[in-house]
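Consider the two complexes below, in which chain A is the common component and chain B and chain C are the respective partners.
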Partner chain A sequence: MSSIQIQNVTKRFGDFTAVDNISIDIEEGEFVALLGPSGCGKTTTMNMIAGLEDATEGAILFDNQDLGHVRMQDRNIGFVFQNYAIFTHLSVYKNLSYGLEVKKVGKSEIERRVKAMADRMSISHRLDQPASSLSVNEMQKLAIGRSAIVEPRIFLLDEPLSNLDAGFRAYMRAELKVLQHEFGQTMIYVTHDQIEAMSLADKIAIIDQGKLMQYGAPLDIYNDPQNRFVANFVGSPRMNLVDGELREEQGALRLMLHGGAEIRLDGQVKTAFTSDAKVHSGSFGIRPQDIYFGEKRADNDIRMQGKVEVLERVGPKRLAYLQVQETMFLAFDDQAQLRVGDDVPFYLPSGASMAFDLESGRRLGGQ
Partner chain B sequence: MKTSASAMALKYFFVLLASAVVLYPLLWMVTMAFKPYPEWTTVSGLTWFPQNPTWQNFEFIFYGHAEGLVVSLDRTISGPLIASLVTSICGTLIAVVCGTLSSYAVVRFGLAQSLPLSVLQLRLFPPLAVMIPVMVMWAFIGAVDTWWGLSLIYGIVTLPFAFWLMKTFFEEVPVEIEDAARVAGCSYWRVFYRITLPIVKPGLATCALFVFILNWSDYLLALLLTQKEWVTLPVYMATLTSAMGGQMYGMKAALGVIAAIPPVVFGLMIQKHLVRGLTFGALKQ
Partner chain C sequence: MTDQTLTDTTGNADTMGYWQKVARDGPRMGFWFVLPTLLLLLFIVVFPLLMQLYLSFTWWTPLEGIPWYQAWEVFNWGENYWFMITDPRFWGALWRTVLIMIVAVPAQFFLGMALAYLFIDKFPGRKIFYSIMLTPMMIVPAVVGLMFFLLFQGTGPVNDHLGLPAEFSWLTDVNRAMISVIIADIWQWTPLMFLILLAGMLGVPSDQLLAAKLLGGSNWQNFVKIILPRMKTVIIIALVLRAVECFKIFDLVFIMTKGGPGVQTETISVFLYKQTFGDLEWAYVATIGLSILIALSILAVKGLSYMAKK
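Then we have the complex of A and B:
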């Protein structure tokens, strides 16, 4: 078990900057998810931690010790690859014992640990079979078992669940959480699936185009996104984010939406938009579950009028697509009274709304 | 259905036709090898199968003379057979070892990116075009008519083939498998010979067989670079003529049968790998 400090790490491939000055502190035993869209640099960051790639600039410390000159084979890392990277020419047993053999662990000890791990991952009935005969789900278990068996200092997982079917993915998600508690190891988990990251990780680092957008606990990130990218990326269904130009007329501040509609800003969100006088175009954000229908609940809440285009069932609730001129708002039908085609008023609570600078994407007036 | 039945018939017709075209010379070679001298030529009328089967032709090339034949050979098959085996095997080793290591370096470490094309250039012109300077060079280093001289040129000439074949096989190996082994604590070299090589074993076997066949069937290089000691089977075969009997077809056929044995045996030995090797790229990881 180790703590990891990623300090101002940059990675360039020729002219392309894959990772741009990222700093992340990971405490001992923490489960951290690197979350971002495909090609954002999260896997490159992971590879640098593992030592598969060298950082162009910056340093990566394990327990305050720079690993820049430590060879990969001496770093004692567990790595689970997206495509599992099972040694298909070897048996399941040999796959599990491989890391121990390389480390010259005694034969009886190897046998004991392989048996225990095979039991733990419930693949012991397959031990003597060639690894190529395993199902995808079993390969996934084998890949995790093979990495865990050497009791690594840290455990790296690169999108380990992305090739699994939905049912098994949910099962493995729970299983990984259990495993992490059992092993008590520092784990870093790369994923583009925000639900996976939200449900598994102690902390999430959100990366976009090589830059660290936000790093923190899942709920903090969800409740308090620091920029437009994070607000848009985290949450399901996604936050409503509408862009427009700020216009002040007779003391009233409006966001003239690019779709034609306007939002008459009020309350906290108005204060947020006015916090920086240089900002002229902004992005207004509100989560679907914060929008409500019916009676106005607070003075500052912003009234809108929209037409119900689609009603979509999401679990026990219905998600309404509300068309306001060319702009679409998503909201949960909290009173179960909407019908498609209705022209209804709805309210955007000012306190739950977020303001972003459209140019830089940064949150305005946040905590 | 009528159409599919006639389509099947047509398919089999073409398969049989293709097989006949391929197998006919083989059949002729084998039957000829067992025909006595009078049956080689049209004098007594050509027949499909030997009328009086005999081992005479084999006897002749192994002992240099045979009962009932007035001609004799000054050189039996044993020398050329050994020469062919030694030079083909050594040449194959050189090509496969160098080709494997260099293509791995190119594929995995991105080294020498110009190497694939420049290696390919070795095969872009007819070997004869460079044989004069090669002969001069080989004479200069004393490599003419030696086993190592011929092995060396075989290795060089077939290297592009081995290089490109192994390159495609290595490209099929997911880099993550090697990374997984490295993370487990393996050095680069150990990853290569413990993980990567076993995975590409089918490809390696296929490559070795093809290169061996190329070397084994070479006539031109051996003709130019050997004189007496290390004459190989194809060159030896061309010498099987006599002033009295003309072309000694029966002996040549017998020699052909013997020369076909090593590649066939080699092929059968690696048959299991061969199917896998030829379809390597088509399989999912």
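Then we have the complex of A and C:
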């Protein structure tokens, strides 16, 4: 088990910067997710941690120790590849035993550990079969078991669940959490699926175009996104983010939305928008579950009026698409009384609303 | 009978044999497309073989004064085969061919494998080295023969470099002539081995190699346990190909030593050449040619079926 410090790491391929000055501290035994859209540099970051690729700049320390001079095979890093990289010419048993055999572990010891791991991953009945005959789901388990059996100092998983079918993915997600607990291992986990990251990780590093956008516990990131990208990326359904120009008239501050509508800012979110006088265009954010209908609940909540375009069932609730001029707001129909075509008032609670600078994407007036 | 089997299987395509399906559906359209070529090939391949078989059972030579198709007049009941089995010159030539094979092919294999292993990683100048590496096999074998003929002259560059006197001869020495020929063959054909093995090696998924490395396997362990087993097919193809080609070795030997000194470097091909154009023993040549063909076919089929089994 190791702690990992990623210090100002940059990776360039020619002129292209795949990873841009990323720093992440990972404590011993932590489960960290690297989250970001496809092509943002997650795999590249993982490869650098594993030593498959060298950082152009910066350093990666394990227990405060630079492994730059240590050969890849001596780093003792568990790595589960995106496509598993199962040795398809070997049996399941030989796959599991590979990491032990090359270290010249005794035969009976190997047998004991392989059996135990196969049991743990519930692939015992497959041990003698060629690995190429396994289903994708079983390959996934084998890939994890093969890495886990050598008790690596850290465990890296690159999109381990993205090839699985939906049912097994949900199962494996729970399974991974249990495994991480059992192994007590420092784990880094790459995914582009924010739900996966939110439900599994102790901490999430959100990456966009090679840059670290935010690093923190899932709930902190959810409740307190530091920029527009994170606000937009995390949460399902997505946060309403509407862009416009700030206009001040007779002490009233309004956000003139690009779609023609306007938001009369009030309360905390107004303070947030005014916290930086240089900001002229902003982005207003509110999560669908924070919008409410019916009676106004607090003085400085912001009243809007919109037409119900679509009602969509999401589990037991209904998601309403509210059209305000050219702008669409998503909100949960908390009173279960909306009908398509209704022109209804709804409220944006000022305390739950977020303000972003449209140009830099930076959160304004955050805690 | 055919009707019977057809009704037995009640037209279930899975349990039907190939010919049953053809009987039901008629030959596939592609069959008519390849038919002309097939007939032509049959003529080109089968006709000379039959002719060879026919001649090998006669005393016929072009000096006989009768056309080859009348060779039955000198039919000799397989005496050529008996003569071959008891001909020390034949066995000598065969042994020397096999000797070249068992020395040169493994040497080419190990060198080719080592070079291929160097080339799976990217390094500066890889493309240039790659092109240079492949040059020898592009050169016409006769030219390679000439090159090594010049290199191994008593006053040639080899002796010069090794500081050996001009009397230290390579090509006219009983043992060293063979060594020279083998060296030339290794030089020319290692690149082919390298090329085939590199293709096979690049076919080994790189992420599996990385996985093996990350699991702690040393380069050698990963080579033996991951790369080699995955290359088995390619290795067998390369070895069979080169082994069979050894029997064709002619240009090198003919230009470097003419099979000499004496018959010290006479290979099967050179021997056949001498029999054909020197002694005009065409029926005997047919006998040997056919026998070698059969032996090699068995060898190749055995090798390839071993491969198919794995």
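Please note the rule applied: the second predicted complex is superposed on the first by the 367 of 367 C-alpha atoms of A that agree within 3 Å, B and C clash if a C-alpha of one lies under 4 Å from a C-alpha of the other, contacts with A are read in each partner's own complex, and residues count from 1 in each chain.
Quick note on the criterion: contacts are C-beta pairs under 8 Å (C-beta built on N, C-alpha and C of every residue); 3 or more make two chains touch, one makes a residue touch a chain.
Values in this document were obtained by computation on a predicted structure and should not be read as measured data.
With the two structures aligned on chain A, chain B clashes with chain C. With both structures placed on the common chain, the touch criterion links A:D74 to chain B and to chain C.
Look at A:I26: by the touch rule set out above, it reaches neither chain B nor chain C. By the document's definition of touching, neither partner reaches A:A118: not chain B, not chain C.
When both complexes are overlaid on chain A, the residue A:A320 reaches neither chain B nor chain C.
In the superposed pair of complexes, A:V150 makes contact with chain B and with chain C alike. By the touch criterion stated above, A:K103 is placed in contact with chain B and with chain C alike. Among the candidate segments 7-15, 61-69 or 169-177, the part of chain C whose C-alpha atoms clash with chain B in the superposed model is 61-69. Residue overlap on chain A between the chain B contacts of one complex and the chain C contacts of the other covers 50, 52, 72-79, 81, 83, 85-89, 98-99, 102-103, 146-147, 150. For chain C in complex with chain A, the residues that touch the partner chain are 205, 207-208, 210-218, 221-222, 225-226, 229-230. Contact residues on chain A toward chain C in their complex (touch as defined above): 50, 52, 72-79, 81, 83, 85-90, 98-99, 102-103, 146-147, 150. Taken together, the chain B residues at the contact with chain A in this complex read 174, 176-177, 179-187, 190, 195, 198-199, 201, 285.
Of all the residues in chain A, the ones that touch chain B in their complex are 50, 52, 72-79, 81-89, 98-99, 102-103, 146-147, 150.
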